[in-house]
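Below you'll find the structure, written out as structure tokens, and then a few comments.
Labels A, B, C and D are assigned to the chains in the order they are written; within every chain, residues are numbered from 1.
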Amino acid sequence: MSIHNKKLFLLCLATLAGLFVLQFLLSDYLVLAFTRILILAVFAMGYNVLMGYTGLVSLGHAMFFGAGVYGAGLSSYYLGVSLPVAFLAGILAAIVLSFLIGLLALRTQTVSFMIVTLMFSQAAFLLILYFSEFTGGDQGLTLPTSARSFSLFGLEVDMTSDVARYNLALTVFGVVLLGLFAFTQGPVGRLLVAVRENEDRTRMLGFDTYAIKLLAFTVSGGISGVAGALYGLMFGYIGSAFAEFKISIEALLFTLVGGPGTLLGPLVGTGLMTLLFDRLSGVTTAYLIVIGALLIVVTLWFPTGILGTLRDRWLPWLK
Amino acid sequence: MDIVPYLLLATLEGLVQASVLMLTALGLSLVFGVMRVVNVSHGEFFMLGAVAAWVCANLIPGPPYVPFIAALLIAPVFVGALAWAADWAILKRINYNPEATIVSTIGLMYIIQQMTLITFGPDAQAVDAPFYYTVRFPWFGYSGYKFFIIAVAFVLVGGLLYLLRHSKVGLFMRATQFDKETAQNFGIPVTKVYSGVFAVGAMLAAIGGVLVVPSQQAHYLMGHDPLLLSFVVVIVGGLGSIPGTIAAAILIGMSDGLLSVFFSPTLAKIFSTLLVALVLVFRPQGLFGKAGR
Amino acid sequence: MAEVVLLKTKGLTRHFGGLKAVENVDFQIKEGEIRAIIGPNGAGKSTFVNLLSGRIKATSGSVEFAGEDISRMPAHKRVRKGIAYTFQITNIYGSMSVLENICVAVHNRLRPSLLSRNHVSEVDIEAEAAEAAKTVGLGDRLEEVAGTLAYGHQRLLEVAMGLALQPKLLILDEPTQGLSDSEIANFKEVVREVNKTTTVLLIEHNMDVVMTLAEQITVMERGTVLAEGTPDAIMNNAAVQAAYLGASA
Amino acid sequence: MNTIGTKKNLTLPRRSLLKGMAAAGTVLAAPGIIGRAVAQSGDVIKLGAPFHRTGIGAAYGRWYERTALAAVKLINEQGGINGLPVELIIEDDGTDPKRGVEAVEKFSAEHKVDAIFGHLFSHVSAASAPRAGELKMPYFLCSEAHSLAAGAFNRYVFQPSISDVKSQVSSMAPWITDNLGKKVTMIYPDYAFGYDHRDNLRAAVEAQGGEIVGDIAIPPTETSYTRYLPRIPLNTEVIYHVLVGPGVLTFVKELGEHLGSQRPEIFGFIDSLEAVSFDIPQLAYLEGTHFWEAMPRYAQPNQTSFDKFYREKVGVDANGASVDDPKSVATFSHMFSVWETLFAMKKAMEMADYKGPKQKIAMLEAMESITGFEESNEFPQGRKIFNGKMHQSFAQQNISKVVDGKLKVVHTVSPEDTLYPDEADYTKMSF
């Protein structure tokens, strides 16, 4: 499959190399900021699988991010499993949840689909609060010091070290990026786009579009869970704030700005927006106004986002 | 406490909730019914109504009923104008695309919320009721103003229904709802109907906000719960169906009151959000609607 | 040609509310045939073929295909059984290239399972897709974006996608609508070519196309079959003339 | 089909927009890169203050900021700390745990502050405290959460001014059971902060031979309370309420309507009514009820000169409202912790002759060696005992009665009576 779209493949490799070099160039703080950006970009990339490639706008991805956070965090907190195992538990939780929610939500379309995902996500958020004895509720749980380092294949990783954190985030980001390259640029990716462009036609070419959408939904939710699990373990804290509505909106915003249906769009969107908010918080308290205004501006004038615009104009392979 | 006063209280509270809900949810339902879009910033129009009532109470002198009545007139006009402007500036330009509308009204929601935070401040503010009167039952007392809320809401909803059924404007709206293209061919100014409906929907929410604020408080985040409950009502009642919305408002308002009395309110909320999701999945026409079309 | 019945319906019925769009239709098509369905607007032709393809669920009645009852089969499975359907209104992937459009169709046939891998490579898929494009005369436009094609070419692409499925039965819903005379001539050639390997069911308004292509014609009116026979027999059928002329007058 | 991502109705000239975006990107990145070059200074003490400017804590955040600015101004007027001027850097954390952590990282890595202080809401501090420890950043809480004293955090985290909930509640309970009644109904918010009250009050009341007869948890977003009120058992002698959030006035009003004149005693935590004026008709029902206050909002007849000095510097009048706007009421029982924390930090820095981050450990050890603070201009709330092992202060507490729409202190609990056995020893942890 990699014979397809070689240019994009090279760009992905260049991006990863660039991100690796970045840690030697940036100030300490920006390295920390980029650690966060990489994790959130993974989240947005997961969201993009569904929204960008398959054309399904979900308002409930916070629940999959949250499933990753809690699946990983709770298994580390209560069962004391090692971090790699907790990480996998988080991903598994997100995959199972997204599969089940997908089964139901995909029976609906467009507006109903948005509301259904929103409502399931709200219910998940409320459940976290309701079982606060176990989940820590809004106050959350702080992971013990023993959960701040791990060794894998003889490699000792200290989660409190900035260098280790950055490179760990970059590794996960890289794996997801290349995995998604194979997924979206190959025949399956073509099917996702086929569903987005014309679901009826795709069905009449003999595809079970429900199954395709369910696959996209589960992959999307699973990757969101990867980001959530990494975020929870990396920062050693889990809390209901990670399953809030705002988290879903951030994924939507990052994807919209960067360019839905482009592989690298979510990274661009996440990077730009995170840095923008970071700078804004020194200038104005109302960073949510900026989110609001951007949501409107992007839908009005920029519906294909930054990379989407580049793609439509000059670089058709950027997808 | 015995079960009788318990139920009486739950019923009264349910009725009050149902009344306010009826107004806000009708706004949302009207917009969805005619325009086929979901307005996520609807709860903020409700909040703006409440804040407008507080502003009136602070600026207009006289006994409490004077600013209250002023607010009942001013708040809907102000909020309606704002909604009309939003329709002109945003919704019209994205051609009422359902998904783009949701995204951009989420944006609008944040903007209104934060602008209110900046101007109105983070504190909850109380507004005097137009009159104070406590109805004393043998077991407990109950605010007379809340009976007033019920009365006003029912009068307004009745008036609205009458208008929809018997006026030219109502006819235009129903025609547009039924089939946009045909309506256009019959010379109905569809774009004007859209702007009007969006404004009227917001005005209904604003009136709900004004009515509620003397019994509660104005706060910049207060739009969230009414939005959620209105969603529940509109969806359970069947998207776009006015009688369904009214029936669902009463059902949800009453049962929310009862559920929260007997169960944890968080559990009640979980229940209602899941209800919305499952109704949409398994009975998209709503609990009261008929299948088909 | 072998006289094998490819598709058979019994009492096929579909009501929309009070409207009887298709009412109790018994219908057969033999393997290798080119069959046309004609009838005035609203006669239920499109609904009928949609019942065959599974896009619309029947109210009652049964559909049998290649000896198997497919009445309850969802549309995409019927496609896999060999019933291909091309849309009345052009229905392609506008943002994809011609080749990619056809690839989606070939993909289904060569690699039916979504997740499991088999040995069919992307190269094979593309080769077959290019072949199908060539058959309809789009061989030199593989990289063009489908949405930018001329209308006639879009119709041909639509047919190519149907062909790429290598169906046993190809249903064409008003394929020549909006085509120029020269395009129609070319189209007739394409259908003849296709018919060498596939049974063709055609809904068509253009009588010239019907008369030159079809071996058998089925006439529908108000949801029922009014008449059936060879082109000559249909031309001379009084009831058909009444219904048809009456309707188009 | 989704059209957000695929629609092509662009009307703006894209080329110029893209250029603008690229330019914006450079600008965004610039401060951080420059920050790397100029970060080393050492001739100033930088303090990072992540305040709740927005979100549910915004009412508190506003006053925390005002108090911090006043205290820093005073410190600088008095010659700074060890001769170095103090620079205050404020970031908004949105009362959000995620952003709280981001703020801690930003203070540590970009602003390179000497210490961070000022987090109040417990979910924000629960997320931020571990990260502060990992970044080896001194982190001072201005919060009532019990987590620190319970040993959940690390050696870098301190709470030198305000008492934790456990200490507050358990020192109030004997007075409640002795003076108001032994059958208590609790009304509290349905989240972590409320649970702290629920658990500690139950234990404390039962220890006094009292009984919790009703237990009503209310979601923090609730706006109407009438339907919860029937759950107050008829044999209730005291209603204990601690509610935060926008609906408190409504709660009081509805309580009044519901119970009428035959009400039981009512005891509330002032958290319910921080930043809310008392002399409004909606609160008339509270006349004659009692409140816990960390620091009396209304200047008392025996007002200390310290209290007077503090109010003057922060700009708060004798009614606990802003001198510029009598309608703007302070979060008086919490914001003193910002003031006092700054002076506690100053004291520790002076003890360690602190000049820069290299002496961080010495400063923290100095902090741990402190045993208490005397009532003074620097500590206007009152005398306090500091437990260096738990990193927690124990301060005097007040019980006030609402008389003529004002809070009048009727009982004071000395710091000694708020102590409980040690639950943690941070000095045994490594730095």
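The rule we apply is simple: contacts are C-beta pairs under 8 Å (C-beta built on N, C-alpha and C of every residue); 3 or more make two chains touch, one makes a residue touch a chain.
Since the structure is predicted, the reported quantities are computational estimates derived from the model, not experimental observations.
J.: Can you name the chain that lies farthest from chain A, using the mean of each chain's Cα atoms as its centre?
T.: Checked the centroid distances; the maximum from chain A is C.
J.: Which of the two pairs, B-D or A-C, is linked by more C-beta contacts?
T.: B-D
J.: Could you grab the centroid distance between chain B and chain D? Build each centroid from C-alpha atoms only and quote it in angstrom.
T.: 36
J.: Taking each chain's centre as the mean of its CA atoms, how far is chain B from chain C in angstrom?
T.: Chain B and chain C have C-alpha centres separated by 50 Å.
J.: Round to the nearest whole Å and give the separation of the Cα centres of chain C and chain D.
T.: One centre to the other, that is 73 Å.
J.: Centroid of chain A to centroid of chain C, CA atoms only: how many Å?
T.: Distance between chain centres: 42 Å.
J.: Residues touching two or more other chains, restricted to chain A: which are they?
T.: 57, 110, 129, 197-198, 256, 285-286, 288, 299, 303
J.: For chain C, what residues touch not just one other chain but two or more?
T.: Touching at least two other chains: 95.
J.: Show the residues in chain D shared as contacts by 2 or more other chains, in ascending order.
T.: Within chain D, the residues that touch at least two other chains are 2-4, 6-7, 54, 190.
J.: Using the touch rule from the top of the page, what pairs of chains touch, sorted by label?
T.: Pairwise, the chains that meet the contact rule are A-B, A-C, A-D, B-D.
J.: Would you mind writing out the residues of chain B in touch with chain A in their complex?
T.: It comes out as residues 36-38, 90, 93-94, 98-100, 102-104, 106-111, 113-115, 117-118, 228, 231, 235, 264, 266-267, 269-270, 273-274, 276-278, 280-282, 284.
J.: Over in the complex, which chain B residues touch chain D? Could you list them?
T.: 1, 5-6, 9-10, 13, 16-17, 97, 99-100, 103, 114, 117, 122-124, 126, 128, 134, 136, 140-143, 215-217, 219, 221-222, 224-225, 257, 260-261, 264-266, 269
J.: Show me the residue ranges of chain A that touch chain B in the complex, using the header's touch definition.
T.: Touching chain B: residues 57, 59, 104-105, 107-108, 110-112, 114-116, 119-120, 122-123, 126-127, 129-130, 249, 252, 256, 285-286, 288-289, 291-296, 299-300, 303 of chain A.
J.: Can you list the chain D residues touching chain A in their complex?
T.: 1-12, 14, 17-18, 21, 24-25, 28-29, 31-33, 35-36, 39, 53-54, 91-92, 94, 96-99, 101-103, 105-106, 108-110, 122-123, 126-127, 129-131, 134, 147, 152-154, 190-193, 195
J.: Which positions of chain C touch chain A when the two form their complex?
T.: That would be residues 53, 55, 74-77, 79-80, 84-85, 87, 91-96, 100, 103-105, 107-109, 111-112, 114-115, 122, 125, 161, 165 of chain C.
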